[in-house]
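There are two complexes below, and they share subunit A, which is joined by subunit B in the first and by subunit C in the second.
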Partner chain A sequence: MNKVLMSGNFVIGEAAIRAGCRFYAGYPITPQNELTEYMAEHIRNAEGGVFIQSESEIAAINMIAGASAAGIRVMTSSSSPGISLKQEGISSMAACELPGIIVNIMRGGPGLGNIRPSQGDYFQATRGGGHGDYRTIVLAPASGQELADLTMDAFDLADKYRTPVMILADGMMGQMMEPVIFKKPKPRHYNEKFMLRGAGDGKSKFIRGLLLDPIDSEEHNWKLFRKYEIIKKNEPRFEEHRIADAEAVIVAYGTAARIAKGAIKRLREHNLKLGLFRPISLWPFPEMQLRSLAAQVKKFIVFEMSTGQMLEDVRLALQGYADVEFHGRPGGAVPTPAELANVISKICDKRD
Partner chain B sequence: MSKIVFQHPRSLKHNIFHYCPGCGHSIVHRITCEVIDEMGIRGITIGVPPAGCAVLAYNYFDVDMIEAPHGRGPAMASGIKRSLPDRVVFSYQGDGDLAAIGMAESFHAANRGENITIIFINNAVYGMTGGQMAPTTMLNQRTTTSPLGRKQQLDGYPVKVSEIFSKIGGATYIERCSVSSPLHVNKTKKAIKKAFQCQIDGLGFSMVEVLSMCPTNWKMSSVDSCKWIDDVLGKEFPLGVYKDEIAALQNEAEAPA
Partner chain C sequence: MIIKTFFSGFGGQGVLMMGISLANSAMNKGYHVTYLPAYGAEMRGGTANCTVAIGDEEIASPVSSEPDYLIVMNSPSLFTFQNKITSDGTIFLNSSIINDRPKRQDVKVVCVPCADIALELGNSRVANIIMMGAFIKVSDIVTSEIYLKCLETIMGSRKKALAEINRKAFAAGYDYVKA
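Let's turn to the complex of A and B:
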């Protein structure tokens, strides 16, 4: 297949349609509008494709929940404040075990914040976000190619585990153009018994999240927990970059990881042996993989476009086996590789 | 030869209703199931129960159902119907669900002309949570959150959903009924049947508002509750057809190009 040059938001839309997404609902919010617009134009060309511009993010997530229950591959997208509104529906989809893709093209927060790229929604994304004991799989692409690949994978994961999956990127990823090759999507495996399509001549079904009996509800929670444990075991994804001889390792995801790679290149020119550990799945966090690195590296520097959220997961993963430092820029400020290189060389000097 | 004139509807499960004595929900459940049976649509009907007393509707309706978060029924029903256009999709909602927290979802589903049916139970209170003031609570009506009666200066006015929805371009059929007497129950059943037929014919959004008794939270006997609908609630919310574009749309469809 040929390489095509597309902006990140378009890549997600195209990958979703190729992966068989046939229902999209969304509400305008910057910096993800191009994705909604792409879906408006292109999903209708696919057989059975439905686009609805919803009256709110709340309506959008419930529209995709309904279509998901009907057995359709579904997606919605938004940016930070809009994702807050969707949390009610995400919690509900997790409870009802409905697959679906939620794209968060993060912007500066809290509140309305601004429309600059940021990574302040890590906690919200990886801790469930809405109410109740649940998790969502969170994938954090760091290139146009990964936007395409992970979007397709997200649909397979959502079906496999019958759970909502979030693509967590930021305004930089959404707006940036890169060449992309779309891989061939896998055929869908989703059992019809989970679809609500009318009882026909048979027994009627219902899908619900309300379980008034505490013992029933407890069992449902444990059932979800067991599912999450399997996901934690099977689905961590990460990338290691120039780790082999590294004396210190930067831990960063998404746009921050790209900046970190630029900084590492500069630092290595000055004989500072830095490597990068990049979580690709933020939940499940590649905890064991990071911990095993602590056998060879004793200094980790977490870099985020926030005041330090993934930092907590890194500390939990390293369990004190190594030093953890942090550099971050919140609120939509995006540091340059040169700035990060400066900060890191100071951190490394401090140790020596 | 004997002929069956009355029996348990096929689409109504054999569970004992959890509703309070004198509540209107069980009546509306039953007549909706009768309509589903009479139209032979049990196998293609998908219902969306709300948050509220009717959240357990799936214990009674023997059709496929999915519970919606509070107020989001019309959004969910839109998603289902657009995905499966040949199914009959209805959202069953109370006054708080539809006219307060879910006003945006119901209003815009109507405005998009979603080919779904809303069965809207108006009993002027939040029933399940214990009788708080609803958007449709009458002026001066006492509830647990309007202990001195609803005051328009503080609490606004009863929201007239059928009147408002009748002005929405996308709405095809809007009728307000009641279940306060056998006559009205029969009228309500006819309205629900008409609404489902409107949907089956692909004519767009239909809603049947039903004034329904809540003796527990009105703190009245069942008989007095029926009387209160006729004498008081029905005056604020007059019964009748508020919009009916069915014939016009049918003519339009049949007219030569």
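Let's turn to the complex of A and C:
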């Protein structure tokens, strides 16, 4: 397969269709419109592919929940305000153990905010923005290639754990073009007993999120909890960049990590030994992996395009074993690598 | 080596197209590349700009602090972005409609009257490709063969007439400037 130059939104769409996504519902919102547009154009070329431009974001999430219950690989996408609307549906999918992919191409918030790239939805994504004791797997790609790979992986994870998976990127990832090679998707493993396609001669199947008996409901919650514990153990993903001789480490994800890499390159030319720790899965957060770095590095600088959300997870992971500093640009502002390098060098100069 | 180029102008001048065509040709030459458009609630006549980073190593940041090349297709872009370019960088400007010149003394300036040349060629819409002809010759990032082949692929095979006028426009810009 040749390299192709595609915008991030298109890459997600193409990767999803290749991974076997056959039902997409979505409602337009900038900066993810091109993904909806791509699905409208291309999913029908795949056998059984269905595209629906729904009447609202809420309708879209419930449509994919329905198609997922019928055993189809499903996806919906939106940007920050639209994702807020989907939260009830996501909670419901988690409760009903329905696999499905929710793409959030984040923009500036809160409220309608603006349409510039931002990372203000970290809490909403990683804590589960809906009600109840649930978690969603959250993957944060930082390049065109990763958008392709993680989209395909997201479908496998969703099936494997029967849970909604969120792809958390931002407007810059969605709009930027990079060369991409699409990998061959793995064959799907999803037990037919979870698909509502008529009972046939067997026992009737049902999927529900309403459990009136508190003891049943408690047991269901513990069952979900045990599943999340397994995910926490098996699925943390991260990248380490120029860590070996680093005296301070920047922690950043997605677009922010790309800018941080640029800043690191500049600072290393001035003999500041910096590295990058980039969580790829935001939930499960690569907690132990980051903590083990504290044996070697005593200064961590969290950089986010928000006022400091992942910062909390970094503090929890480091448990006071190292100093944690923070720099943030919320609300849709994107710093240049030069600006970030300035800030970081000031932080490093600061005497303890 | 990482080379960052910043294209800017009015929406409708083909500013994003210039970036996409450069990014595609650099990819075909085997370089790492990123193309980052500024998107917004803009329309024809609004502002448009994009950043293309090209490198023989992994490109850390697609955002550019100080681009090496700045292409300006209209006056507002010149005022807004001339301070962005790195020292010793090159500014390409559409001298048909930009009467001012950069205030900075530490940059090279290449003036291409691309709107006028385009009118001579009989199609005002190819001004951007004329500018690309000048840019490809001076920057020498990719050869004109690679660029033109890429441009044809992007424009699609259905538009044969376009390929011809684009070729002419590219040659006009290429011949206008000294390497």
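Simple rule for what comes next: the second predicted complex is superposed on the first by the 351 of 352 C-alpha atoms of A that agree within 3 Å, B and C clash if a C-alpha of one lies under 4 Å from a C-alpha of the other, contacts with A are read in each partner's own complex, and residues count from 1 in each chain.
Simple rule for what comes next: contacts are C-beta pairs under 8 Å (C-beta built on N, C-alpha and C of every residue); 3 or more make two chains touch, one makes a residue touch a chain.
Just so we're clear, the structure is a prediction, and the values are computed from it rather than from any experiment.
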| item | value |
| --- | --- |
| Room on subunit A for both subunit B and subunit C (clash or fit) | fit |
| First (subunit B), second (subunit C), both or neither touched by A:A70 | first |
| Which of subunit B and subunit C A:E178 touches, first, second, both or neither | second |
| Partner chain in contact with A:K261 - subunit B first, subunit C second, else both or neither | second |
| Partner chain(s) touched by A:I17 [first = subunit B, second = subunit C, both, neither] | neither |
| Subunit A: partner with more touched residues, subunit B or subunit C | B |
| Shortest CA-CA distance between subunit B and subunit C [superposed frame, angstrom] | 28 |
| Touch list for subunit A against partner subunit C, complex | 3, 5, 30-31, 115-116, 171-172, 175-179, 258-259, 261-265, 334-339 |
| Subunit A contact footprint on subunit C (complex, rising order) | 20, 23-24, 27, 32-37, 39-41, 60-66 |
| Of all residues in subunit B, those that touch subunit A in their complex | 42-46, 48, 51, 55, 58, 61-69, 72, 75-80, 82-84, 87, 104-105, 107-108, 112 |
| Of subunit A, residues touching subunit B in the complex | 22-23, 25, 48, 50, 52, 54-56, 58-60, 62-72, 74, 88-89, 92, 96, 196-201, 204-210 |
